[in-house]
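Chain naming follows the written order as A, B, C and D, and within any one chain the residues start at number 1.
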Amino acid sequence: MLKTEAIDVQKLRADFPILKRKVHGKRLVYLDSAATAQKPQAVIDALVDYYSRYNSNVHRSVHTLGEEATEAYEEARAKAARFVGSSPKGLVFVRGTTEATNLVKFAWGEKNVKKGDVLVTTLMEHHSNIVPWQLLAKEKGATLKFAGLLPDGTIDMADFEKLLKESPRLVAFAHCSNVLGTINDVHAMCAKARASGATTLVDGAQSVPHMPVDVGAIGADFYAYSGHKMLGPTGIGALVAKKELLEDMDPFQGGGEMIREVFLDHATWNDVPYKFEAGTVNIADAIGLGAAIDYLNAIGMEKVREHEVRLLKYALETLSKAKGFHSYGPSDPQKRGGVVSFNLGDVHPHDLATILDEEGIAIRSGHHCAQPLMRWLNVAATSRASFHVYNSYDDVDALKAGLDKAGSIFRL
Amino acid sequence: MLKTEAIDVQKLRADFPILKRKVHGKRLVYLDSAATAQKPQAVIDALVDYYSRYNSNVHRSVHTLGEEATEAYEEARAKAARFVGSSPKGLVFVRGTTEATNLVKFAWGEKNVKKGDVLVTTLMEHHSNIVPWQLLAKEKGATLKFAGLLPDGTIDMADFEKLLKESPRLVAFAHCSNVLGTINDVHAMCAKARASGATTLVDGAQSVPHMPVDVGAIGADFYAYSGHKMLGPTGIGALVAKKELLEDMDPFQGGGEMIREVFLDHATWNDVPYKFEAGTVNIADAIGLGAAIDYLNAIGMEKVREHEVRLLKYALETLSKAKGFHSYGPSDPQKRGGVVSFNLGDVHPHDLATILDEEGIAIRSGHHCAQPLMRWLNVAATSRASFHVYNSYDDVDALKAGLDKAGSIFRL
Amino acid sequence: MSSADIYRELILDYYRSPRNFGKLEKFDIDAHDTNPLCGDDIGMQIRVGVGRSIEEIKFSGKGCAISQASASMLTELAKGKPLEWVKQLSKEDIFKMLGDPDLGPSRVKCALLGMKVLKMGVYGYLGAHYEDPDDTP
Amino acid sequence: MSSADIYRELILDYYRSPRNFGKLEKFDIDAHDTNPLCGDDIGMQIRVGVGRSIEEIKFSGKGCAISQASASMLTELAKGKPLEWVKQLSKEDIFKMLGDPDLGPSRVKCALLGMKVLKMGVYGYLGAHYEDPDDTP
């Protein structure tokens, strides 16, 4: 079965050159898209086209190549903004979600967080949405607090609201967990956090690649995402915010492009978003991200989401039949992203990954950059299978067979 | 003439697909490599190969793709380190020179610079080697001082040594100026600065792409360069430093990869250089940079340098015959990089660039991210022609004809 | 259109001998802007006369032939006009004034900088805020 | 070599019933390391006996079957040997001990973590510093 009700996967797989590859003589079954997604030919072509036809620095040179490169880069910005319901002046290109949260830490946090302030995040966060706030809290004498989770892997809203009573300066949380798959009710959480006077940051690393997202409707002050998880190149991502909020912030990195005028004793800043894009930007990969967005739009994000819900449902049903299978996160597929974290008996996730790799199956194993969540789950590590548009039921079946094999090797 | 005594340019041009392109119906004469260099097919192929065959996140997944990607990424690190006589543990991948200087500002500067300290840079610097230190000085109550220049566009060493008497905390300067072309005696400057007790940072953005560089022999504490100026992809560059110095520094950005363990109230850091590579790194472009280095090594950096000296000599001779031509920087080609900054009568550089563009000639015009230097030169802007391995005498001749045309349009 | 046409006699003449260049002793409007990407810089001062008209106007600054000539020609065009006239001014008007040169996107900014500064000043005087629609992104 | 061979009876047995697992009450050497990439974690404690030999040795930690079995087997191998023996220990010795499994580069690190910790401890005790030659980069 290579079609879900939403996507004709067979047709679409031809767009991804890597899927022709064999691993240990087997068809590549790539189930690690939450770590990084594979790239369609259209994205690769956009990079090749840029470097073969109009590579040039942007915003600087008035020659033809420079103008073409600038236009393409700014068009990519407009696409990246529209894709999440934002406007180009509020979109800063960064390396990825991690640089986005750190930019907020440096450019907003250093200015706005004071001694005694409370910062709030949750127990399900990726390290990139924890460590910057830890560092900020330490520098400023503020306190970082974690909203707890309910047994089903959703955020404990009572606990969240209790923390809001402490009038936090910043409330930061994921739109979708990279381990549990939990899709948080970010609309409600942003509304509540803003009502408490907090500035909000939503980590969209696992949502933007997989479902329609409208930052304006969500009401987040900051929204971050990574290009490489949404079929785009490595090295590019976005921080989205209201223009006025960006204008209020101090610069982050200093250098070319972000300045208006430089004197010996001071400098003045360029308009946003350029103020936050110091030095030569990652031109090619921004353009590549634009091509990835075009590709996703052509499929339709509603369809992508529906496809993944179908797969997830099938996966939870199918895999739970494997001996020793135990998965984490909400049981309702409508409430989670296309991610299945699990353990298999006492088989360590790394051993499982090795056994599966031999079958051509790529899953992720480890702490998934979410050690506090691992401790909450009371496990050292989990295995994780995650989906994108090129996955179908056959991949789930392959995984099930792999789990059975591992179970038999380990005599579960 | 398509050969210099060092390089057979005709043969080599075939490696650069963009050079087949026509601009306004004319052969592309690309003389803007100091802004960003063009890419050989080998670099483009490395990117395509990565995305088509073994794209995966690194350092995380134990499956085959993950291991191949990790190996290739670390091999690129080793190449990027060896290329400047350094070792992989002392090489942090960054977006480019600008991120490198900012990393030093945040991770070294915040910890080591105190109120009343003196920081020293020079009047010929790019904004990326000025603005971070201005920001640092302002935050810390330190003072940033600028070593002056002699009329020939070299650093005034008497002034430089006078500033060293103030025992600066940091001394930062370019290896090669992107406007004047001046190659500074970085060996002597580092030795003197270190003798005064300062930490040194050398901006190698315009040296590493064009000449053999040995950071160990130079004796710089920090050395920075950009991949996109050395035939590599956009979005990647390097900060080189001794392992021990990096170990002594605070982290820069927080997130995945840079941590060892994350607890609710604190985190511990990964070994260097990983400690400074937070989040998903720019895997593809690091690998692309490795391919660019292979390409340059195959030519030989001694040859690249000799080639550019020949071109520069020819250019200074030829262009000076154009009416109204006035160039900046040292007159001895041995003492400068392949960069010619100039003005032509009262023709504004932007107007000149437009006229040249019509002839297919791409030069850079403006302040070149060096406004303090522009003020010292007492000009608002200059035009700049800059070379790389694909340029030859024919490009200089084309430029000369273009200048003549501009001179006649403007009735100089 | 070739560069020889763009830089025709008239533009060069305005570049080298700009009309209305300098500063006013008394003025009601004073606006200024820089193009951060190329460093072009234009200031405009206006004395407002009876019936809210542009009684006196001068520009100052530095930059390329196109930005300087465009600003200078614009001051000539604007002199004596009512302030409201500035509101209706469009980029097409500027291109026409310059003889419809064939400019790439970055040089278009040079051509329009004078208009932008004029609009910023006049809108401000009229209590409005001018947002440049062509501001990238 | 297939994974069924890698995870042969012996390895699984050491994984599930590790020999010399735990802590020593009295010890002269106490070393510990984590693989930050996968979270595997090994500690080793040694009591040094007459003639600078390894009188008692125990390991603790958590991780995959390969890292745990390798560490456990290594303690058995090491017990009674002179400290100097540890210096000569090579990764080939470890691979042999494990039955020459066909491991990718990241799993090799799992196999060698026990040896790394043992060497760190013993080198330190002998006043030297152990630098892992396979530490990437």
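Keep this in mind: a residue touches a chain if its C-beta (ideal position, glycine included) is under 8 Å from a C-beta of that chain, and two chains touch if they have at least 3 such contacts.
All values derive from a computational prediction rather than experimental measurement.
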Reaching subunit C from subunit A through chains that touch each other, fewest steps: 1
Furthest chain, CA centroid comparison against subunit A: C
Centroid spacing, where centroids are CA-atom means, of subunit C and subunit D in whole angstrom: 76
Subunit B and subunit D, separation of their C-alpha mean positions in angstrom: 45
Euclidean distance of C-alpha centroids - subunit A vs subunit B, Å: 31
CA centroid of subunit B to CA centroid of subunit C, Å: 37
Multi-partner residues of subunit B (each touching 2 or more other chains): 60, 62, 64, 66, 259, 261, 350, 354, 357, 365-366, 371
Set of subunit D residues in contact with two or more other chains: 37-38, 104, 107
Touching residues (chain side subunit B, partner subunit D) in the complex: 59-60, 62, 64, 66-67, 70-71, 74, 77-78, 81, 88-89, 91, 259-261, 270-271, 273-274
Subunit C-touching residues of subunit B, taken from the complex the two chains share: 346-351, 354-355, 357-358, 365-367, 371, 380-381, 409-411
Contacting residues of subunit D [partner subunit B, same complex]: 34, 36-38, 104-107, 135-137
In the complex with subunit B, residue positions of subunit A that touch it: 17-18, 21, 23-24, 28, 30, 32, 35-36, 38-39, 43-44, 47-48, 51-57, 60-66, 95-99, 101-102, 105-106, 126-128, 130-132, 134-135, 138, 144, 146, 226, 228, 233-236, 251-259, 261-267, 278-285, 350, 353-354, 356-357, 361-366, 369, 371-372
Subunit D to subunit A touching residues, read off their complex: 2-4, 6-7, 12, 16, 37-40, 62-66, 103-104, 107, 110
